[in-house]
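Please find the structures below.
Here come two complexes built around chain A, the first alongside chain B, the second alongside chain C.
Up next, the complex of A and B:
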């Protein structure tokens, strides 16, 4: 597995520093690379989004975990349009399905570090940032269940896979955040 | 050139005295369109700070030489950075201390009148948000009406005037800003009055505010007049037989909206009765003091927001609609968007939610939208 996750820690910094640092960090990346920006300044979400739009990068989304905002950007990729999404499967239904059939193809599109902190048993790991290079590992005609932290990145991955001829895609919503929470409480099993 | 820091109290002078000012607002376009520093003598340029990180050359030529320039952002940081960049290019500019956050919390105290017994009536003008609060001071006693959450200002003001706050009123349960009434009452031991019809889920003790309630502040009489319509409990006050505090029922150039508690259709009748019958029975000589203003042009030259009831009867848009159906349409259709987080704000004012100071600030962000025109 390639380690290409780029993470910028801008926690504790106030505006304008999260954007100033992000701008600098993204300059050192290659087109298509994904940058994850950690920030605690709540205003950073609106700013990152607007800044990405005005500077040609794709804003993939923001996920919140324990007061830390995780912003995801894809360099020079503003042309990525969020078109009509793929079918959504809710987490509960999905967990039941996994119980019945252990051979499901599950693809976790989060970055390396997130995947290692905990993932669905048997889930393949293909981060959104590397999806294009690893797409050939998947079979276009089988059912594929995509999962990320909240459903946002897996939704984007789904649209891109669909554009590449994948037929039977499902976006598991909400994603790992809820699964981790509920498995800790023993409410869900897989 | 050194960068100057401008405080909200200085910006208030430009806004009220109509002194020329040029504001370079470096927030996001959305934020700027939604809400900005208002003033009839203010010109604006909105360019987000992140579009100026490569340099300020492109805007240098656009900035005027003949008026003061103020750089503004949400919290201060970005405006300071841009102001410093402009300063390094030899320009004389200032940035707003505390940003829009501080502007939203700034209150300008304005004396609106001397009372018969020698007491004073003050209006607190929240320029950034359009909220108006009041303090009646007489013979060492004070009453506060529709206080904002910046409670220290009211407490300090009373102290400065040597007055003890004995009564705290809210004309209604506010949906656009967080009330400071309860905090002030707790800090001073004053009685906190709230209309019980609005208090649905209130979790704290309060005194019921009913029609005809009479309270004296020193020798000054404050009398409650039940005036429902914005909410089902909305109550006005006649102070010293001279001033009519209308809450969110009647403004200078507009009237209250009946939908913020989700009951537009039910309350429109109440609103009509209050405006077209109840207020008709009052003296036309009363000076109307509302709980909000919408535009800077409603602010008088002395900074106050006040007009005679007789003037409003002939000029206010909401008081000129003879036809009841037309009136119903006016106040139930084409309403402006509801204020930011208004449901959470109502719950906070009932004590059901208890957000921390930072969250309260964020809940109140944005313009005031309590009126229909």
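Up next, the complex of A and C:
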């Protein structure tokens, strides 16, 4: 069973509370754990980013869902930088490829809740927070397509996989944020 | 090395309190070492009774509603949070003498000191702010 990422609900809180709560929440986690912070304070994106940079945590990105911001942080992982990314595959090209070949290895690196809200048929689910423990399930010689919400987290996952000897990796950009629009039309829904 | 933030709080209305405590808690949450020197009207911000009923500036009373709607924490909550995060409060001895105030008029856990006490901390500070 996949573990759920750690979630902090800071919705409705004004500055500086989202940061104060985030600091407290991340103190209880282990290095490498991913924390998802839900906030409605529009200033929190810039604040979380700056705070992460000064506190040694990796800021993985922010997804917006209705009026709620979902910030993703990885504890004590500031050394993860998107320095040399893996090759990018445009979402449209990827969707075409999936139609032609149902046996593609697709890895969805989003967290459990996001994966359950909709994912590519047959996509393996290995959240960024769990990836290191489950990497061995993947075949290093296969083509692997990594996907998340926007392409940021899948990009980070790709770099980590590449460092572990994986060769044929593709980061699907922009990710599920564009794809879900198609699911509403009834296409591709798993 | 730890980043140091030194703040002087010299005014005593509600807006002043938010400026001081928001910056102080944000700095402390970013692992800064924070000291606030409360002087003259600034002493209101840590006075046991006054801090819970700080006035809005004249003509700005209508902002009371905005504070409620934006769900900002109250000043006593921000004081407690600051102290929990390790923010150090120094009350100005000279002002206390002028106003006839004793240390027990203020929230618990404060230090009382003179300008030099603050300057000793502030001379090594990376960020210095006056409100």
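What we mean here is this: the second predicted complex is superposed on the first by the 184 of 190 C-alpha atoms of A that agree within 3 Å, B and C clash if a C-alpha of one lies under 4 Å from a C-alpha of the other, contacts with A are read in each partner's own complex, and residues count from 1 in each chain.
As a working rule, a residue touches a chain if its C-beta (ideal position, glycine included) is under 8 Å from a C-beta of that chain, and two chains touch if they have at least 3 such contacts.
Just so you know, these numbers come straight off a predicted model, no measurement behind them.
A.B. asks: State whether chain B and chain C clash or fit side by side on chain A once the two structures are superposed.
C.D. replies: clash
A.B. asks: Which partner does A:12 reach: the first (chain B), the second (chain C), both, or neither?
C.D. replies: In the superposition, A:12 contacts chain C only.
A.B. asks: Regarding the shared-chain residue A:23, is it in contact with chain B (first), chain C (second), both, or neither?
C.D. replies: both
A.B. asks: Could you tell me if A:46 is touching chain B, chain C, both of them or neither one (first, second, both, neither)?
C.D. replies: First partner only.
A.B. asks: Between chain B (first) and chain C (second), which, if any, makes contact with A:54: first, second, both or neither?
C.D. replies: It touches chain B and chain C both.
A.B. asks: If the two structures are placed on top of each other, which part of chain C overlaps chain B: 62-70, 98-106 or 116-124?
C.D. replies: 116-124
A.B. asks: Determine where on chain A the residues touched by chain B overlap those touched by chain C, and list them.
C.D. replies: The answer is residues 14-17, 19-20, 23, 47, 51, 54-55 of chain A.
A.B. asks: Along chain A, where are the residues that touch chain B in the complex?
C.D. replies: Result: residues 14-17, 19-20, 23, 42-43, 46-47, 50-51, 54-55 of chain A touch chain B.
A.B. asks: List the residues on chain C that touch chain A in their complex, please.
C.D. replies: Against chain A, chain C makes touches at 3, 22, 25-26, 29-31, 70-73, 81, 85.
A.B. asks: How about chain A: which of its residues touch chain C in the complex?
C.D. replies: On the chain A side, the touching residues are 12-17, 19-20, 22-23, 47, 51, 54-55.
A.B. asks: If you look only at chain B, which of its residues touch chain A in the complex?
C.D. replies: Chain B reaches chain A through residues 28-31, 48-51, 53, 73-75, 77-78, 81, 362.
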